[in-house]
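The data blocks that follow each hold one structure.
In what follows, chain A forms one complex with chain B and a second complex with chain C.
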Partner chain A sequence: MDVSINNLTKKFGNVTAVNNFSLEIKSGEFVAFLGPSGCGKTTTLLTVAGIYKPNSGSIVFGGKDVTFAQPKDRNIGMVFQSYALYPHMSVYENIVFSMKLKKASEEDKKKAAQEVADLLGIGHLLERKPGELSGGQQQRVALGRALVKKPQLLLFDEPLSNLDARLRISMRTEIKRIQKELGITCIYVTHDQIEAMTMADKVAVLKDGLLQTFQPPIELHTHPCTEFIGSFVGNPPMNLFNSKVVEKDGDIFTILPDKSMMKVNKIVDPKVYNKELRVGIRPEDIEIVDKGTADSSTGIVSLFEPLGRDNLVNVRCGNKTIQLLSSPKAGIEIGDTINFKAVDTQWQFFDLESGKSLLWHTK
Partner chain B sequence: MRKHKKSNVAYYFLLPAGILIFLFFFLPVILTILISFTDMSSVTGFSNWSIVGLNNYFKIFVHPDSLHIFGQTMIYVSCTLIFFNVGMGLLIALLAYHLPKRVGGFFRSLWLLPRITPAVVYVLMWKMLAADAPYGVLNELFRVPFGLPTTNLLPEHAMLFCILVNGYIGASFGMIIFSSAIESISSDIMTSSLVDGAGIFDRARYIIIPQLRWPLLFVTTYQTLSLLTSFESIMVLTDGNFGTEVWSLWSYHKALNNYYGNFQYGFGSALSGLLVVVGIVFAIIYLKYFKFGELVKEPLIDEI
Partner chain C sequence: MKNKKQPIELNKIIIFIVLLILSIPIILGYLWLIISTFAEVTHGLLPVDRNGNFGGFTLENWNFIFEKEVWLATWNTLLLALFMTVGVVAVSSLAGYALSRIKFNGRKEFLSLTLVLHAFPSITLLIAIYFVLKFFSGIPVLKLFMGYNTIGGVVLVSLAMQLPLGIWLMKGFFDGVSWDVERAALIDGCSRFRTFWNIMFPLVRPGIAALSIFSFMTGWSSFIIPYTFLSGGAGHEVISTYLNSMMSSDTISINYNLLAAVGLFQLIPILIFYFFNQNYLMKIFSGGTHGGV
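And then the complex of A and B:
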């Protein structure tokens, strides 16, 4: 089912939680709402669910305006961070609750419950109460409860945030598998960019109630169209500093905080020279070089964090700290002086005032 | 290494409260029951009484008033409990939850007024409400304008007024307990049930009320016991006339305040003692009915 959200605005008193938000979701698409806490993503989701009524704007499900329809008339499923299972009902009763309200027959209920239980591997838990289940099991039951209605739209509100790291990864895969298998349109709210990147077909990034961008996850990483997206998406986060781009002998360079110059490839030419702007480079796009060259920089290692596969190295560069990734085999220690150089095609440039990218203009 | 000895400190901390409970709650019950085995009264005085065993209880059993006073007590307790202390309390709590926060709060605090009004003043207000025209509000406003005959409504509907007077005080207790219990249900569960297709009535029936089992048990038990034993507002309202003599008031009348001036301490104590037994029986029935054992059962959690 296609979902379109048109100029949605939701205010709580004087606070505008969602500001003129528009989005077109195609049938079968998995869309993530990504943003820091308080950015309005959950408010948008609850408005789509019909729990909140918007101050203005409309929500259209498959050509039908549902802006003011009751939640029960929307045929949606919802999964919560807190699982929100009904504590006084058994797993089976939880799953078939929506069918009970529709006065479905015992047989239909049993059959439907069996189907989702098989899909999610929770068949052996049907007689238990939610209090007798682990977090992962509860989340599966919550998913089953949402799926049993055969919803046309599935809403997730940070469903994996309460699970431990390992379980989160496996549930991530599982949700993705089920979504593809059933072809349900999904909206998935998260503040975890890895979840958004790995699961979603398209990611809507929100900040202060405003939609920043709506694009496929990989583009989000390579073509951040605002400074906020650049800094929010990607782990470890992008290095950002104020600087200029200068032209010299037909080549262009950017100046690092320690006044050294690094080359900028023409394919990422911001076309704004000698003017203060915001320069970004991701830690994984900086490499350590043995010998200092004309377009490398030098700095002292102030800290490093072993991440397993890589080490995250903090280097003092002028008055700023630059983060870069190095191989654990490189044997770098705190206090070492190292030479480093950026991959010249990976620079990002943003306007200082508006924060908009000088390279990419997708919306 | 010194072996760790189980500490007795906890008992010392419990001692002050323990002494108070023993002195003011436990001892009076024992004394009452002991007195109920005697024929102590104004006639015998405090020196010439003798032990009569279960005689007083036997007297209750054959007393011509026992049965209908017991019946009146049951009507009074059950109606006040079902329609007000639990029913109305639950209804107000549910209504207030669905109102905007400030309106709901105001609505709830209105219901606290009867509780904070001095009992005698409050009961007198009811008396004036029921009184004959031109003083009685009900008569003056709803009967006089329509040319209907007026009368003092209190003697005609004495039991109804007893229930109303107590109910309007009692409802606020349940309301407070139920309101806080409803507020403590997670908002995700509330949202989830709406998404699952419940309207607000279905949600109240299938989601909210079942989760109020423990507060329901508490309010029902507590209020049954207090309704069985409290009689002050009935005393001020009708003094047990017009078929409103309930068991505890009967006990009071027998033991401490009666027309004939012969205060039958022994017989009155037996009436009270029986009330204690009835209260305990009710409490046990409630605990069984609400499956209290299940409520305090430890959860079992296993691995994924």
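And then the complex of A and C:
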């Protein structure tokens, strides 16, 4: 089912939680809402669910305006961070509660419950009460309760935040598998960029109630269209500093905090040459070089964090700290002086005031 | 381990002894009550017959059980306690739900006001309430079940006095239920009322149980309100006022042993009730999270 959200605005008193939010979701798409706490992503989700009524704007499900429809009339399923199972009912009763309300026959209920229980591997838990289950099992039951209605839209509100790290990874794969298997349109709210990046077909990034961008996850990483996205998406975060782009002998360069120059192999609007702007480069796009060259920089290692596969190295560069990744084999230690160089195609430039990318504009 | 265990045991024994000493006056009181009901006369805790010799056990004090009057009073007490409980639970749970979930103008003021009313001694309101009930008595149909000198009127007043506690208690219990459970129910296809009835109500059941027991016990043993608003005499008495009328008779000297028997008669249902429900009753003070305003 296609979902379109048009100019949605939701206010709580004087606070605007969601500001003029528009989004088109195609049938079968897995969309993640990504943003820090309090950015309005859950509010948007609850408005789509019909729990909140918007102040203005509309929500259309498959051509039908449902802006003011009751939640029960929207044919949606929802999974909550707190699981929100009914504690006084058994797992079976939890799962079939929506069918019971529709007065489905005992037989249909049993069959449907068996189906979702098989899909989620919770068949042996049906007789238990939610209080007797672990967090992961409870979340499976909650997912089963949402799926049993055969919803046209499945909503997730940070469903994995209460689970431990290992379980989160396996549930991530499982949710993705089920979504692909059933082909349900999904909206998944999260503050965890890894969840958004790994699961979603498209990611909507929100900040202060405003939609920043809506694009596939990999583009989010390589083509951040605002400084906020650049700094929020990606781990370790992007290095950002104030600098300039200058032209010299037909090539363009950017100046690092220690005044050294590095080459930029990108088409930049000549209008911004020599102007103060925000420069970004990801840690994985900086490499360590053996010998200093004309377009490399030198710094002293101030901190060193082994991440397992890589080491995260903090290098003092002028008055700023630049983070870069090195191989554990390089044998770098705190206090070493190293030469480093950025991959010249990976630079990002943002406007100092608006934070918008000077390289790309996507929405 | 054994050495460690001993001081704890000793502590427990000391606590037990201290509690026992502190409870002795109460225990002795109850003991006197029970002994008196089966004795002709009591000297202290000693049952004696009319000549002052030990003995004199008799069931004669319990003869009142065969009087119609006392059963009428019991029936009235039961009506008062039951209707009050039903009313308090119904109003408190609905009001508590609204106060817990809905933000409206004056909500904070309303909650503060109820708290003030809770602290208000009901005796100070008696005269004002008398006029209200008198006013009801002037209204044709209403006077039959809500006016002065009706059980309905007493229920109404007792119920109102109980509401501040009930509303705060239920609000606390509702505050403890997560919003998400309610949202899940709405999405699952419940209407607002169905959500309240099928999901919220079962989840605050401990609160409901505690409140009903508490209300029933208050209603059963209330005295001041029925004493003021029932004129007494046949059909206009509850047990507590019946008991009182026995003490204030001018003509016959007061038979304390009979008085004790009626008192014990009134006490029995409460004791049974308390014995079976004390766990729930404790929840009044521990279970509900008394959320802020």
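Just so we're on the same page, the second predicted complex is superposed on the first by the 357 of 363 C-alpha atoms of A that agree within 3 Å, B and C clash if a C-alpha of one lies under 4 Å from a C-alpha of the other, contacts with A are read in each partner's own complex, and residues count from 1 in each chain.
Convention: a contact is a pair of C-beta atoms (placed from the backbone, for glycine too) under 8 Å apart; a residue touches a chain by one contact, two chains touch by 3 or more.
What you see is a predicted model, and the numbers here were worked out from it, not measured in a lab.
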| item | value |
| --- | --- |
| Joint occupancy of chain A by chain B and chain C, clash or fit | clash |
| Which of chain B and chain C A:Y86 touches, first, second, both or neither | both |
| Which superposed partner A:L167 touches (first chain B, second chain C, both, neither) | first |
| First (chain B), second (chain C), both or neither touched by A:R145 | both |
| Chain B versus chain C as contact partner of A:K72, first or second or both or neither | both |
| Partner contacting more residues of chain A (chain B vs chain C) | B |
| Touching partner for A:E132 - first (chain B), second (chain C), both, neither | first |
| Set intersection of chain A contacts, chain C complex versus chain B complex | 46, 49-51, 70-72, 74, 76-78, 80-88, 97-98, 101-102, 145, 149, 157 |
| Chain A - residues contacting chain C, complex | 46, 49-51, 70-72, 74, 76-78, 80-88, 97-98, 101-102, 142, 145, 149, 157 |
| Residue ranges of chain B in contact with chain A within the complex | 186, 188-189, 191-199, 202, 206-207, 210-211, 213, 299-304 |
| Contact footprint of chain B on chain A as seen in their complex | 46, 49-51, 70-72, 74, 76-78, 80-89, 97-98, 100-102, 129, 131-134, 136-137, 145, 149, 155, 157, 167 |
| Chain A contact footprint on chain C (complex, rising order) | 178, 180-181, 183-191, 194, 199, 202-203, 205 |
